[in-house]
Amino acid sequence: DIRSVDPSLFLTNSAPSLLVADICAILFHANSFICHTWVQCLGFGYQFVSFVSTYFCLKCACKLIFPIPWSKVREHAILLNLGSLRAIAMRDRVLIFDYNCKGGKAFTDTLLPRLNNMNGGHCMPFELEVVEAALLSRIQHLEQRLMDLEPRVQALLEVLPNKLTGDILEQLRISKQTLVELGSRAGALRQMLLDLLEDPHEIRRISIMGRNCTLKRGNDDVECSVPLEKLIAEEEEEEIEMLLENYLQRCESCHGQAERLLDSAKEMEDSIAVNLSSRRLEVSRVELLLQVGTFCVSVGALVAGIFGMNLRSYLEEHVFAFWLTTAGIIVGAVVAFFLMYSYLKARKIL
Amino acid sequence: DIRSVDPSLFLTNSAPSLLVADICAILFHANSFICHTWVQCLGFGYQFVSFVSTYFCLKCACKLIFPIPWSKVREHAILLNLGSLRAIAMRDRVLIFDYNCKGGKAFTDTLLPRLNNMNGGHCMPFELEVVEAALLSRIQHLEQRLMDLEPRVQALLEVLPNKLTGDILEQLRISKQTLVELGSRAGALRQMLLDLLEDPHEIRRISIMGRNCTLKRGNDDVECSVPLEKLIAEEEEEEIEMLLENYLQRCESCHGQAERLLDSAKEMEDSIAVNLSSRRLEVSRVELLLQVGTFCVSVGALVAGIFGMNLRSYLEEHVFAFWLTTAGIIVGAVVAFFLMYSYLKARKIL
Amino acid sequence: DIRSVDPSLFLTNSAPSLLVADICAILFHANSFICHTWVQCLGFGYQFVSFVSTYFCLKCACKLIFPIPWSKVREHAILLNLGSLRAIAMRDRVLIFDYNCKGGKAFTDTLLPRLNNMNGGHCMPFELEVVEAALLSRIQHLEQRLMDLEPRVQALLEVLPNKLTGDILEQLRISKQTLVELGSRAGALRQMLLDLLEDPHEIRRISIMGRNCTLKRGNDDVECSVPLEKLIAEEEEEEIEMLLENYLQRCESCHGQAERLLDSAKEMEDSIAVNLSSRRLEVSRVELLLQVGTFCVSVGALVAGIFGMNLRSYLEEHVFAFWLTTAGIIVGAVVAFFLMYSYLKARKIL
Amino acid sequence: DIRSVDPSLFLTNSAPSLLVADICAILFHANSFICHTWVQCLGFGYQFVSFVSTYFCLKCACKLIFPIPWSKVREHAILLNLGSLRAIAMRDRVLIFDYNCKGGKAFTDTLLPRLNNMNGGHCMPFELEVVEAALLSRIQHLEQRLMDLEPRVQALLEVLPNKLTGDILEQLRISKQTLVELGSRAGALRQMLLDLLEDPHEIRRISIMGRNCTLKRGNDDVECSVPLEKLIAEEEEEEIEMLLENYLQRCESCHGQAERLLDSAKEMEDSIAVNLSSRRLEVSRVELLLQVGTFCVSVGALVAGIFGMNLRSYLEEHVFAFWLTTAGIIVGAVVAFFLMYSYLKARKIL
Amino acid sequence: DIRSVDPSLFLTNSAPSLLVADICAILFHANSFICHTWVQCLGFGYQFVSFVSTYFCLKCACKLIFPIPWSKVREHAILLNLGSLRAIAMRDRVLIFDYNCKGGKAFTDTLLPRLNNMNGGHCMPFELEVVEAALLSRIQHLEQRLMDLEPRVQALLEVLPNKLTGDILEQLRISKQTLVELGSRAGALRQMLLDLLEDPHEIRRISIMGRNCTLKRGNDDVECSVPLEKLIAEEEEEEIEMLLENYLQRCESCHGQAERLLDSAKEMEDSIAVNLSSRRLEVSRVELLLQVGTFCVSVGALVAGIFGMNLRSYLEEHVFAFWLTTAGIIVGAVVAFFLMYSYLKARKIL
């Protein structure tokens, strides 16, 4: 049964991709999978093969059984790998890997209503509905997260300069990390759509999927057994391009906004750093002023302490000695303070 | 009535766009709008449809009624989405969404005098007047804000290095945030104009709007029922290109200036950070010097305090004990201070 | 008289531009200028028109009089806008706006000797001499400022790490701001020259200026009434390209050098920041050491102070009480100091 | 013997490269190698020659012997230089330099099983197997290191804001350095693959390697003595392109992920810097508060010390003098503290 | 004599360039050089002319004598300007400016052995040998400096995090400045080679230098009087392209490595800054702790000082007054310390 494919078929960390490939029946059972043999007998496009083989070679051991000769079941398929959503769309079937994870669920939630509506005014072939639902579910996910994030970031940016608590700085940090992640995801998706749009060959292959048509080598012209099919394929090609351009635009919109918010947050952080630095300088200057004061007072205290020693200075009984000394200490401390203060002012340190 | 379209038709956060699409009568009433049905029966270009459908699916529920068969009212329209200005320009009508907001008002203020002047020496078709007024109102808005901002930023940059108060740093921060925003808006507008200019197909579609002409598939040649119309369409195409290039240039001018000012502000902030850092070092060094002094004085005070204890040291009655001790304390403190001072000088810390 | 054009004709903040346009007689008088009427009757290229109209609409009110029908005086002109130099070059005339400002003076100082030399071995048409003189005066101005700045920046970079005074940091800051400005100006000029070189249509229009030639629509071929003129125009076109390429190269040289110096200055500032940070850490550690010492001494002083209270502890008369207590205070302070010192050393704080 | 080539044939620091060149027998013996003579008689492509000659001229002296005339053994070869893996692949041989180092071992570990499997269902020529094994071993190495690094970086990013120990900062620093290195390696590999894919001439040269075919100058058409060979070469060309595109995609995936992680780490570091700065400000403010307190207390202590001098103030016997003075000291200190505190609060320093 | 050209012919600060130009005999004598006359009679390509004329107009006054009519000696020449190496290569001669400076010496050291070897197996024309020697000497210089720098930077990066002395930071700063300079030089050289490779016209002009060939205007086809020469010129053109591509690759290798090292150094500096910041926070916290302690102790000392005043508190004779007060002071100080400590711990400041 073709449904028995391992749900984590594609590599986890690879960039998003959308490929057309000939596939034959894929039957996986656990244990004793030898990659290279499989690569050579299947004859896939290299991309898919190396995705799968790398994965299995790295992560698990599987067995591959060919109950029927592969040349008989060969058919075109669209391989979708959009981050947390991985699927293979064929003419009348779609294989979803990890269908219980977030990406898979959002995809089925988007696809099923579309399929139900299709009965009435159907116009797009099934595999395109799948591709559109996949793109839509991913982009809506990005847009949704961005919409949730934006007001929070805006609120932070307004609140921040006045209220520099560690808690709010931590929120800014988390928002920034999320924006970096969102921006890089939207960027990867955008890059994939751009690559696809710049490659008319790949789009043409999608448009003739499931039809009795072939692509001539060299000039990529379509040749069909039924002339009508060629017309339909050409119209469909245009429709695919418009569809991709539309999602490309929404993707770029997401990407641009994430970048813009991240830029704002970064500028804010730079400004905060300068602000903190300037406030620390203020604090340091007042500290310095106090330290000047403390120094003068402690010199005075030293003098007082010296006169407080239990040693006989023969000044003990002098009238006014106390008052003269006291005045000397206080006047000395004040004069020393103002001398140092004006020196530091002159050197522009204080 | 076609005026009953919801005023917030387009997505709020999308990048600027200017599209041509076939539209039929759009009648919206509140409640019970089902997106996907609508998408399939209207047959719009995908872009518009997904704009609208995404919006309604996310934000509100509306009802769509088709009193007349859609094939009869289908006509070309230019969909404008320029930040806070959203409009649909048709051959003899223009729908402005949110016409009471800032962007909409600026647009009508720009458009109406142009239309009044048109009676005399009219040369451009109505929909181009609309497009030009829209672009002009947006760019003038950007230029106006930049012109307001620039002298303030220049004043800040001149005042700053000497006067590092929190208030002025806050003004610099706000100016930077505004410049980031202006730069990103001008950049988005520029990108839209660049995309449009690089796509001759789209410009040609604008030029034949409202004429009895069609575009041949493949080579994008214009075919008109009246040969004269073809000539006019070609001239108009050139005029549209010049118009777009002109606004592109003004947009790039804005963008470049915003970037330049932002760069200056950033460099200034970096320099301020280093300046503050160097001044904090200065303050710290003086603090260190004072702390060395305080330490020496407090050691002296400790000695004086010890001699001040109510314990009998049998030195009390010695002649000169007071003066010797006092001299010892003072000389010791001064010597210790200069020893530490020269050590720190030698290690280049002070 | 055509000289009565307002001297500040072009927008102040726009990017540099060099355009060819058909112009008719322009007569300005103060007051009651209505932009849109003028735009529509003159039939200029949009660029010039919107420059002028935007300016007048924003800054002043002028009157426009057409004493002669515009179709008779229509001729080609090159509109130059190079920062502080704004001029209109025609076949035998040049209008300089703001001819008393720096840019205008440098331009006339460059142009006049060239024109005097032309009588002998003249080879370039007048309008090209004007364009070359304009470009030359601007680029020489940039090169001159860069040459003045470079040795100062180099001297700063050599002096800086050893001598971190606020004065020198301020000089670095000013140099950086100047480099940002020079780099952005050279970049804008470079962009203009690049745009021009990538647009063969514009160059061809300059080359046929003042000749009896027209450009065929579509393939941009030159058609002249006299066949010889076509040859001359082609040679001139090549010459214009070489001229522009030459100034482009000098401009890129300027731009690259400004960027390189700015990069050096930025790296230097980053290094200084780290250097200051490390020196502040050094100072803080010595301060910490002193504070440990001060703490120990003040605990000792507290003990001494306690024994100095005028309260009877019944230890007053004990022999050796003074010496034991003194020894206890001193030993205690020293031991506490070394305990704390080794603890902080172990925690790698000191 | 051809195996006697010095194992470190290629330059150590050069960017990755993959070149096709005609080579004749290369026999190296130690001593007395004269580069330029060799360059001129071998007639290699310049690239290889200068690689080798630069290396020998810089690093060692070798001898080059030509036992057979070079024109007889000339054959095509693919020169591979992928960082730590350097090899020359010929039709039935592969020379691996430094085959004992990491890169060489990984390469042989990848190549040997492929060759063993080839006997059964062989489809790719030997030299392509070599190229694929080389690319695969390098990219798997990069992917492996990235997979090892990613969870550690993610763990750091989660742990960091709460636990800012020097140890964890050091781990972050090492991770960043590793990411910079991985990103630059993946980027260099990607650049090489991009350059190769954009150069159809080079790919065509690889595809006809070992066949009786030549490339016509000018249009790069293949001409073969046997028509079947031309077909096979064309199919192989397509296969090579797909192979390179596949590895390009994996390389870009690696590169993008390394950049993304590095960006996250950088943003984290910036946030940490602001966080530390804000916490230092907090600490400084409390220090300032304490210093205000210490200052007030030390002024009080000075007063107390003055009254503690062994000088007669004639206040000694006054009743309540003690209590009045004590109250004065305490009240004065507290009042001074609150005065200073409210002043600093008002100036927003505290 | 043609050798009497001023040695500093080219502008000092211009970007690297390599140009072909027709030159006639250049004879310079000191004094009374008039630039514009010279420009107009020589008929050079503009680039050379403006180089020379700008230089002379700025720096010195020279005399230009034409003993022979210029049309007779006109020949092609390659003008080389590679930073510190400036030369004019003709078919059988090469003029080196500043031949005693570093760049000039390295060039002659590279060229002379090549020319000596040429007698045996000569294959490249003289002017190409010159160009190759020039490029080689420049790139080897860059590679040599990079090879010297790399181990030092690597050593610094390993040593740094543990040993943050000012000396090592200074070394890092100097390495960074050198890397910025090397990177910008390699980048300028790379840009020049890229520009040359993208301009087939210029390469073709080099290939027909010294031959009886001309370039047809428009399609750049070569026309030679002898058909064999055309073949040789075509082969040489290919050889020039390969030569330039080779040096381009080495240049990119240099540039990439300089950038990579600079990136590593920058990341290291950022990490050091955070590290220092975190250590300063540690130091500040311990300082704060000590300041809390000092404050408590000084409050205790104030109490002790108050009781030490020579004023009668009528507590003097109370039994246990001393011990109670002492206990009160010590317990009070310890309790106050722990109260403040736990408060600061709770507020996460300490």
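When the chains are written out, they are named A, B, C, D and E in that same order, and each has its own residue count from 1.
Note that in this section contacts are C-beta pairs under 8 Å (C-beta built on N, C-alpha and C of every residue); 3 or more make two chains touch, one makes a residue touch a chain.
Bear in mind that the values here come from a model prediction, so they are computed numbers and not experimental data.
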Reaching subunit D from subunit A through chains that touch each other, fewest steps: 1
Fitting subunit B to subunit C on CA atoms, where both chains share a sequence, rotation angle to nearest 5 degrees: 70
Equivalent interface positions on subunit C and subunit E, same or different at half: different
Interchain centroid distance [CA atoms averaged], subunit B/subunit D, Å: 34
Length of the line joining the C-alpha centres of subunit A and subunit B, rounded to whole Å: 21
Residues of subunit E engaged with two or more neighbouring chains: 166, 273, 277, 279-280, 282, 284, 287, 291, 294, 298, 301, 305, 308-310, 313
Complex contact set, residues of subunit C against subunit E: 113-114, 117, 120-123, 140, 143, 146-147, 150, 157, 161, 239, 242-243, 245-246, 249-250, 252-253, 256-257, 260, 263-264, 267-268, 270-271, 273-275, 277-282, 284-285, 287-288, 291-292, 294-295, 298-299, 301-302, 305-306, 308-314, 344, 349-350
Contact footprint of subunit D on subunit A as seen in their complex: 11, 13-15, 17, 36-37, 40-41, 45-47, 50, 54, 164, 166, 169-170, 172-173, 176-177, 180-181, 184, 188, 266, 269, 272-273, 276-277, 279-280, 282-284, 286-287, 290-291, 293-294, 297-298, 300-301, 304-305, 307-310, 313, 315-319, 321-323, 325-326, 329, 333
